[in-house]
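Below: the structure, in structure tokens.
Think of it as A, B and C in the order they're written, each chain with its own count starting at 1.
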């Protein structure tokens, strides 16, 4: 009897580990994940430093694929839509890269005033990459007067799958419990629509703009691992950049990424 | 209360027995009884009634009395007229239904256990005579249980990648494609299947599929593929091992009585 | 007396205990996970669901829908709210009944109830969310709105309003414009349910089951749940919602209308906020809970109407296949045969021919999307006309090509006959897959040329030849709302020796092949049927008006004769 109990316990544990190990790399398939600190304590930061830089794309600028608009032409097909997995601007600036502190354990709190919105105008998610603090509500906008279906392929948190009917201009989504991501966002109705959401546990995350620029402000003085994530170029989690921030100082760290 | 006449009692016994056979026994107690069986029982009951009423002259006369009364007596006029209408009407309807009955499609007689050829082949390669060929991996069962297990596991893989669509997860012939196939796929859980055949017979049926059947097996109807086109010889032997391992049935071996 | 009382008491006790036992077995919980559960799972489930429950067993590759991956705790068929785990009973029921339209069989006859419970316990070990042991929130079936025309009508309106049409199509045949691009959360292609084929509903087709799929969603699939935070006009009463829809559908609102709608939006925002709080685990006050419950009541009410509408779209059961008494009989008409749109077709009951994936010859189709073809037929003294209908979620006319063969992918149907009808039941027929040693005669229709049917002669699935003499057939085909309708007419007799010649009263073997281009069907990759039969139903013999009256008169005569005989005998005695 006892051996049975022990055996089932062992199996249970084994399955638990196998299961959780799998859960960590399932869902988004090949896409690599961000690395989050085990714990983070938020407080006020005085005399923090700034990390900024530019992310560039190495190699020939890939041609942006025109997406095939298969329905709702009047609204969705009004302008041409492109595959936004790699968006390169002037001077090879790489947009939509997440740059973040990997090993920060203490620092400022989230700016609660930041509006968290993702628009679906013209049957396209804007922004393409959105960072959302854990627990915060992201509002999905629909001004198109077409039906959308917001499907967020979370695996650590519960997946989100919500119909946003054509007249529903705003649809707030419940805050999530755990840091995760980035996870894929799709619209089941318009198969070409694609975006990414990262649920972040601390505010030291930035997404590069069309000039490839990012800025992390109010960083407490210290030495940090600076990581990046890009949908098509992957991450540097294996060998992150090391940056040292001095109190009140600013430091620059640029990255050059190429396709995986 | 008026005493029932013998004729009425006989009628009640007759109709009552039919109701009991058709609905009570063949419905509530067990599955419906075939019409021919019911007809046989009814015949026996009629004979019993006839014997009963004909043992004594008086009894027989008593039995015929209501019939005679109905036919001639004035006080039975209403009953007589009703019967004179009902019986011809019933016969009219019955004959019409028989004559107007639509023709039914011909059945397709099929030999479920067709006789195999004398020689077992894989593609064009002759393996041996049907009687002598044994599963080359069967001996591992005693000699090398580990190797045997590996073959069974490979057979399991082969089965679930190829066979289970029709023959089912549980090898019971109820795969998700099965309900719409005619003839139905074989049910290996049926105790009359595996124990009645040698492994070589199964090899033949698997390797050559439906088109390899003799005419009596209606080879044109069977959806069993010619598996030698998809599987290796070893894979077929492995899947045969798996069939008996999973079901627990032993294939017939040479020398045993049929 | 005392004894009697005791007996009575025992009887009552027995009944009470018996009922309790029933109640207990009804909502049972799984036992602790054990070795036995693993043993049963490995023997019966692992080949599809994988030894580690990831849905990656050796058979998984060729299956669509894919076997479920148990490691994420996402279960499609639940009696619990969205985002909740299934109850043990849910898992037990799915194992017991299986999932129609998928490769998941019911295990009721092949595994004992105890074994099935053991498997439930074992499956739960694949996802640690089950370990918390919290009872999932179950969907209440109270307040069910009974099936009625009015409810169906209301549901029909909601079907459009809620956007069901996007995937399930105008009248529910799964032909929505978004249907071809759907994937599940594992990235595998998935097709929306054809609501006209309720026999393929994975979780059963009763109204309660349909209702549960709305409130609970179908986890892992693109089917969203009807939840507070996303449901249309959540927080408004039915009347308010109606009014807001009116306002929203206006091209432009006046200022007062704008203000009116704004008030509605504020009310909705407040209710949505409560729903979000609830999802996030923030406890609601009693008043808030009441507001939420009231709002949810409307969601439930609308869902029942919608469930009734969905229920109305399909027959109660799959029609009986066209064998035995359901064999296809072409009906005789004296005049010209009806054209495709002639209402006279409605007077015939269609005969149902289920189709299965062709998995005998490469390339094979393991995941068919065409379920069946329904057939009606009329004939007159010179010609025969057929009306074929079959559901296909997509209208594919060869714009895209198959990667391996380079051939255009397009929807098609082929009707197969033997060239010569076998004489007698034991006479050989051609091989059911487009013939073999004996040839078959085929009518091949393609969606790109809907007015044309090509006559083929084939001696094998890859050995078909276009007949030299064409033009014997008239055809017309249309595609509407996820359904093809094909009308074909031919003379009973032709001059071509390679054609089948038709005579009334002769049972002719018939079989079908169908292709769904969007499902990759091309060449041998298709769905097929085995041989069925059809007959030009002979005009009933006129003898049926002669013999029955004759027999009736005879029997009457017999009765009179008997009476006369008895009378004579009486007078004699």
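The rule is short, and it goes like this: a residue touches a chain if its C-beta (ideal position, glycine included) is under 8 Å from a C-beta of that chain, and two chains touch if they have at least 3 such contacts.
Quick caveat, the model's predicted, so the values are computed rather than measured.
Common neighbours of chain A and chain B, by the contact definition above: C. With chains reduced to the mean position of their C-alpha atoms, the one farthest from chain C is A.
Between B-C and A-C, more C-beta contact pairs join the chains of B-C.
Averaging Cα coordinates per chain places chain A and chain B 63 Å apart. Chain B and chain C have Cα centroids separated by 29 Å. Chain C has its Cα centroid 40 Å from the Cα centroid of chain A. Considering their complex, residues 32-35, 38, 52-54, 69, 71-72, 74, 83, 125-128, 131, 161-163, 166-167, 177-178, 180-183, 185-187, 217, 219-220, 222-225, 227, 229-230, 232, 245, 248, 272-273, 276, 279-280 of chain C touch chain A. Listing the residues of chain B that touch chain C in their complex gives 68, 71-72, 80, 83-84, 87-89, 91-93, 95-96, 99-100, 102-109, 156-157, 159-161, 164-165, 168-170, 172, 174-177, 179-182, 189, 209-211, 215, 218-221, 223-226, 229-230, 246. Listed in rising order, the residues of chain A touching chain C in the complex are 4, 7-8, 11-12, 15-16, 18-20, 22-23, 26-27, 29, 70-72, 135, 137, 147, 149, 151, 153, 155, 158-159, 161-168, 171-175, 186, 188-192.
Here chain C touches chain B in the complex through residues 43-44, 47-48, 57-59, 61-62, 102-103, 105, 107, 109-110, 321, 323-324, 327, 329, 354-357, 359-362, 366, 424-426, 428-432, 436, 438, 505, 507, 529-531, 533, 535, 537-538, 540-541, 543-544, 547-549, 551-553, 555-556, 559, 562-563, 566-567, 570, going by the rule given at the top.
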